[in-house]
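Handing you a structure now.
Going in written order, the chains are labelled A, B, C and D, and every chain counts its residues from 1.
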């Protein structure tokens, strides 16, 4: 009999708490998912698709719902990965960061046949031109995603290095050799050109 | 009045839960990486611990003792603590999503945190009055918070230090915690309980 | 050629210069210790400094770091500090253990110079006090008190250092005495008033000031320590903030409580001159690595040290609280640096433009 | 407690220092003013003049001449683009030989478009700017336009366009005009020499400024290591009858007292609020050289084509102050002072505390060039650039005139925690170099701050670019959705 009381009281208390928690969960219900917005804000918005998702927003959604890893954004590099890992509260993962200098696409206009295929491919609408007319790329808006290279039937698009501007120059970390910086830039540039020849 | 001051001081400094009773080591090591999360965790623990000691006293005095079912003490206490933690988590998710993310798994883990259950059980063992037991729970939580925040400050400072590879992370954190515990030995005898 | 930003000139200050000036500032205190304990002090100083350097060298080699760091003076300074906070009666193996602990766990595991969280010498001292309380609270009767002068010649000191009191046909009780702080503390628990206890001890402020009382090797002579400390302040090697705020806080607390009840609370001057307070205030608490960077932060740090020292001395189990206080405040240093910052030009306090 | 501390500090300052106010921190580097008191000389015309299209802070200019054009001294050859910009003038007569990128005085070693002039040796002057000797009767707006069109930018080293500072807006009433004759950088004496030789012109220039902003209070600030100039300036003031409205303040020597914000704090006890300018607290400060250039532009009708430069350094046989045409290559300048062998020597542009190491000897001097110092490498920080670990001694914070905590700031920059660095007021650093100067561990603190500032700027650029891209991408997605529908 005594045990019966004890069980009854325990069950009653548990029921009471359950009801309170149920009410609380309704009252404190969280609308929407601010997480994916926050992640999207961290991504570089190149819309390059290297993460395996068709653009930055879908990748952000995938990360927020824990379908994608935090280290799939190649252009964002380590910094973006760390930031995402931080807001997701997960351990940072290794990322293959390729040393790169900023590049933009460039259309050799005398070779362009005006097919508009690249215009359709550009995720940020930065190629202008009409059918049968030369197309050109607004270099200031190009994200360097390389998505327009593939569709071009005459291979007249190439990636060119963005010239280093004095106004945008910033001090490298202390101890950096001048020669190293110049060498690295040259090497990356050379490699980029080399790859193009192979394609 | 002196009695209450003694309880508080003893719980915060002399018989610090983390450094002299070695309770609550899991969140102490787990959430001390960053100062901000440590502060958030401290407040969560303070809230839960104070309430847990209050509730456990009430349950002890009004349910367990009258009905003579003291053998169900642990189960009852865990039920209450679990509910409290669940409640705190919901409130936090609503009010501070960033902190919620930061605390991650450690917030639900407070449920099974030995410090929280420890404060509830030690409390009733010591036969405190209602007010004293609330104060004791609060003091223990403040002690936990103090040590956690200090420790997270120290760990933030260790970031980027060229610590030998094998000692990085938990090993050096444990050594530091040991040094802190030794330093807190200085408080011994401060209050004669 | 490397990218190098301005400025292109330098004041010529260096770590080595800083460390060696602190070592020089401690020489008077070391000399007083030799006067008090003769060859024993010499043995202890050499063992601590030597072992610190040796440990530093071995660790640097093991971690494949630049062994030239050995000569930056920081390891030697840690060894010197350590010797000065040890009682004269400790056997050789405690000195060795302390030096290895200070350099290895106190400093190198945290990443070496500049990264230690706690003052290495004090950390080692605290560990010893808790691990070997007997050795660490047995205070040898100084030489000038003259009881057993024969114990202090070279060979007897050597045997005592390595083999303990039996080797010189002595017992611990016969060759040790209490420090003023310890004596007063014990007497107070017996219901004796502070005044009576001090009179029984034949305490003299002058003796305490010039360092003729029993205690750790280097903490005795306020005079020698003040000489070094003030010289360091004049050189700007240490700033005034920590020593002044630390000593002032102890004096104020002791003064107020002494006025309230002189029978239970010792007078301020006694507190200032007793134990390791002056050594801690000028040389330990000012360790730049483990104390706050900004002036205001340093004052907060000093006040904190002062309060804790007085509280532990007065209410705690341990008679001496200075080193606990400094180690405890070392824990708080990162928070002080984070929350207490100097006012930035063009802002009002609290960071509003 | 903070109040008490401030009070104690104030008390200390009153006991120690003569002037009422001081700035926090500061250092006393060796002065090395070898060229002080040596009469200045005129640098002969070089074989080629190279004029960069951007010699000031702000937007670059657009060339107005073509290759082959004949230009006169003082003729405008490039027009300003954008508001924060001043035009460029030919500094001697001759033929434009080419317009192309050329390396300029910038730490990056990168180039900018420059106009190359081959001097014909006649040095014919352009007369399009007429003198305005009765400046007191001329509308300030016209004078301000003159200051702009004469190409004036701060000659103290920062090269901020001068006319921008001359706010005539009634909203900001300028009470005090400060003449900055502090010259706290070691080695440099060009302002010192200018005050000795051109006192009349400088005081007149100051009078022009006071007329323009309608102020009747002027302060000439001079450090006490230049007492000879104090006499000269005082005599000039009395001679010109201006000693009632303009007074001379002699300040104890301390670096970086010449920093605008620090000088204002010393003179008035007021601080320029963060993110604001001196005009917001009613103060206009100008450098000695700029003031003299204002005189030239207004009273003589001459554009800025020449400036005083200290050519000195421990590797230079004949250090001196020279009046140099803008666009003169540094190599030519050093040759005039007897430097033939450049082995083991680095040349600094500006003083040793804030100047840059020049990457190339063909770099031309510009409006901002206040000194060219040929230094032996062994005496520079370059010789021991290996940094030791920070021991947190806090000396850097003690000397910081901005009240920052440089050691923590540098640590956050080093670990690329830029948000924390910004929280520690990274952008309030004035890069004076006092912290690096005293650091016992030889940590290049200023370099870390510059690295941090650059990275933050780049991150901001990337973020805003990403935001634009995101918007364009969203517009495109919406359009495609519409087309499909």
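For the reader, a short list of remarks on this structure follows.
What we mean here is this: a residue touches a chain if its C-beta (ideal position, glycine included) is under 8 Å from a C-beta of that chain, and two chains touch if they have at least 3 such contacts.
The structure displayed is predicted, hence computed values, not measured ones.
When the interfaces B-D and A-B are ranked by how many C-beta pairs touch across them, A-B comes first.
Distance between chain centres (mean CA atoms), chain B to chain D: 57 Å. With centres set at the average Cα position, the gap from chain A to chain D is 41 Å. The geometric centre of chain B is 34 Å away from that of chain C, both derived from CA atoms. Residues of chain D in contact with two or more other chains: 107, 359, 385, 414, 444, 447, 450.
Multi-chain contact residues of chain B, defined as those touching 2 or more other chains: none present.
Touching two or more other chains at once are residues 171-172, 174-175, 178 of chain A. Taken as a graph of touching chains, this assembly is complete, with every chain in contact with every other.
Note for the complex: chain C touches chain B at residues 63, 105, 108-112, 115, 117-118, 123, 126-127, 130, 308, 311-312, 315-318, 321, 324-325, 327-328, 330-335, 338. Interface residues of chain A facing chain C in the complex, by the touch rule stated above, are 171-172, 174-179, 181. Touching chain C in their complex are the following residues of chain D: 1-2, 5, 23-24, 27, 29-30, 107, 186, 261, 265, 271-276, 346, 348, 350, 352-357, 359, 375, 379-382, 384-385, 388-395, 397-398, 401-405, 407-408, 424-425, 428, 431, 433-434, 436-442, 444, 446-447, 450.
Of all residues in chain D, only 106-112, 359, 385, 387, 414, 416, 444, 447-448, 450-451, 453-455, 457-458, 461-462, 465-470, 472-477 touch chain A in the complex they form. Against chain D, in their complex, chain B makes its touches with residues 159-160.
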